[in-house]
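For clarity, chains are labelled A, B, C and D in written order, and residue numbers in each chain start from 1.
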Amino acid sequence: MLTITRLDIDDAGKLIAGARAKAQEIGVPMCIAVTDESGNLIAFERMDGGKITSINLAIDKSFTATGIQKGTDALGEANQPGMAAHGISSTLGGRMVTVAGGLPVSFDGQVVGGIGVSSGSPAQDLEVAQAGVSALCEVELGRV
Amino acid sequence: MLTITRLDIDDAGKLIAGARAKAQEIGVPMCIAVTDESGNLIAFERMDGGKITSINLAIDKSFTATGIQKGTDALGEANQPGMAAHGISSTLGGRMVTVAGGLPVSFDGQVVGGIGVSSGSPAQDLEVAQAGVSALCEVELGRV
Amino acid sequence: MLTITRLDIDDAGKLIAGARAKAQEIGVPMCIAVTDESGNLIAFERMDGGKITSINLAIDKSFTATGIQKGTDALGEANQPGMAAHGISSTLGGRMVTVAGGLPVSFDGQVVGGIGVSSGSPAQDLEVAQAGVSALCEVELGRV
Amino acid sequence: MLTITRLDIDDAGKLIAGARAKAQEIGVPMCIAVTDESGNLIAFERMDGGKITSINLAIDKSFTATGIQKGTDALGEANQPGMAAHGISSTLGGRMVTVAGGLPVSFDGQVVGGIGVSSGSPAQDLEVAQAGVSALCEVELGRV
């Protein structure tokens, strides 16, 4: 048997609250999703004004970052023309997102879940996701 | 042009809080989803212990109830063999749920969104969804 | 944070070996899948002669049993006409399987994964799945 | 009538064992899939620590390599901007994978199946897939 550490619903609430606060600060209503370490959704919030196309984008960004144990922005670089993972964005029925805004959440060096943000520019989505991770970790971004 | 009345994120929070309180009271951790009047997800929460197969079931129950403007339990009756809507459960790629636990949310006689609950028995899911609606409406179930 | 117990790859191998032995004993080549407690595939084997339509059926039976924390045969009863969960077989894009042959695997009272078997009759699939669970648990079936 | 030569479950076991040994040697837990010459899954193993986003990636890499009768890395080159197959990565619902790590398995000049590996870098995935093929063939990579 394996012993796994996973975000609980309170952790998810802190991630979302931290992301929401940053989204309000920059004035961009966001869709914010939190998945557990297995990629299954724990919590989701679409702020008033968040984009409908961003609902599943946020969920899938969180799923992707949790799975690859890196930010989706890193996968975006690897997906560029000429790069070895070019074309990976179409895999898994398109759930593999290569646009910034998804981050893994780590605890004691293990990925325990992820957060995904969408509705702004990729840079804004990433900034808001980082604010969520920071709110939980209070110390560092927890990126692998 | 149409003017639409729709649940906002605060309303969604009240619906989820009411459902969560009932779920805690009956001791069944639930997946709880809230959609707007267009069937798009506003908020979701998987209580610690909520079932992974219930994540999309809760979302789809809320989507279904919002769309049909009735509880999913009513659709369940219409889906029984011999009934006119028998087989409707397979439509929309299986998103049309015919199991109790999804309810529309009404305001001034208009459907403004929905709530979907899953992880317990159909009766428990419905009870928890009703508690969510009651918490928002404070007066009645708001079922169409 | 939550602490989760999960099947490891060695556990999965024992489940499959136990199921395979029973399949050989009854002379029915089977597809056998093992998922973790989050419904994600750990291991799969299609015995020579296993049916191609049973590949995803076995995987989805294991996913379903893991998620609902019951055998898929129990869901099959609840899915019968007149029952409260009639129509649930079409949910989750059809991944919710209501045919016998999927069982959760429990350890210390917690669901730690699942096993799904397909290619024989539902009764044979269930018998083979039970043999897998017994091989791991050596004591009881571990059904919730 | 056609007579088809196809990997059996023992061959699949050798492919997976060879790949697993290499994965352990380089210290990267992998998802490893083996498909038959028709692209249908024979066997799958997610080593402890293999990535959840790599489960279907490994299966789809094996499916792709079996189907195109070339390594997925070759398709990756053909998928680059300016190349004739650019955009092929989105076909088949995204199952056509253009990232290294999938290889066909040949016997007597015929493709008899495939192997797909995922969780590391594309180069690591390919190295591990090649080790699987080598373990079965004992002589050469069997690439078409």
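To be clear about the criterion, a contact is a pair of C-beta atoms (placed from the backbone, for glycine too) under 8 Å apart; a residue touches a chain by one contact, two chains touch by 3 or more.
From a predicted model like this one, the values you see are computed outputs, not experimental measurements.
When the partners of chain C are compared with those of chain D, the chains appearing in both lists are A. Interface of chain A with chain D: the two copies contact each other largely through different residue positions, with under half of all numbers used appearing on both sides. Copies chain B and chain C of the same sequence differ by a rotation of 90 degrees once their CA atoms are superposed, given in steps of 5.
Work out the mean CA point of chain A and of chain B, and you get 26 Å between them. Averaged C-alpha coordinates give centres for chain A and chain C that are 31 Å from one another. Across the assembly, chain D contributes 48, 52 as residues in contact with two or more other chains. Here, these are the chain pairs in contact: A-B, A-C, A-D, B-C, C-D.
Residue ranges on chain B touching chain C, taken from their complex, read 48, 51-54, 56-57, 60, 76, 79-81, 89-90, 93-94, 96-100, 121-123.
Those residues of chain D that touch chain C in the shared complex are 8-9, 12, 38, 40-48, 52, 55.
Chain A makes touch with chain C in their complex at residues 1-8, 11, 36, 38-40, 107, 112. Of all residues in chain A, only 2, 38-39, 63-64, 66-69, 81-82, 84-94, 96 touch chain D in the complex they form.
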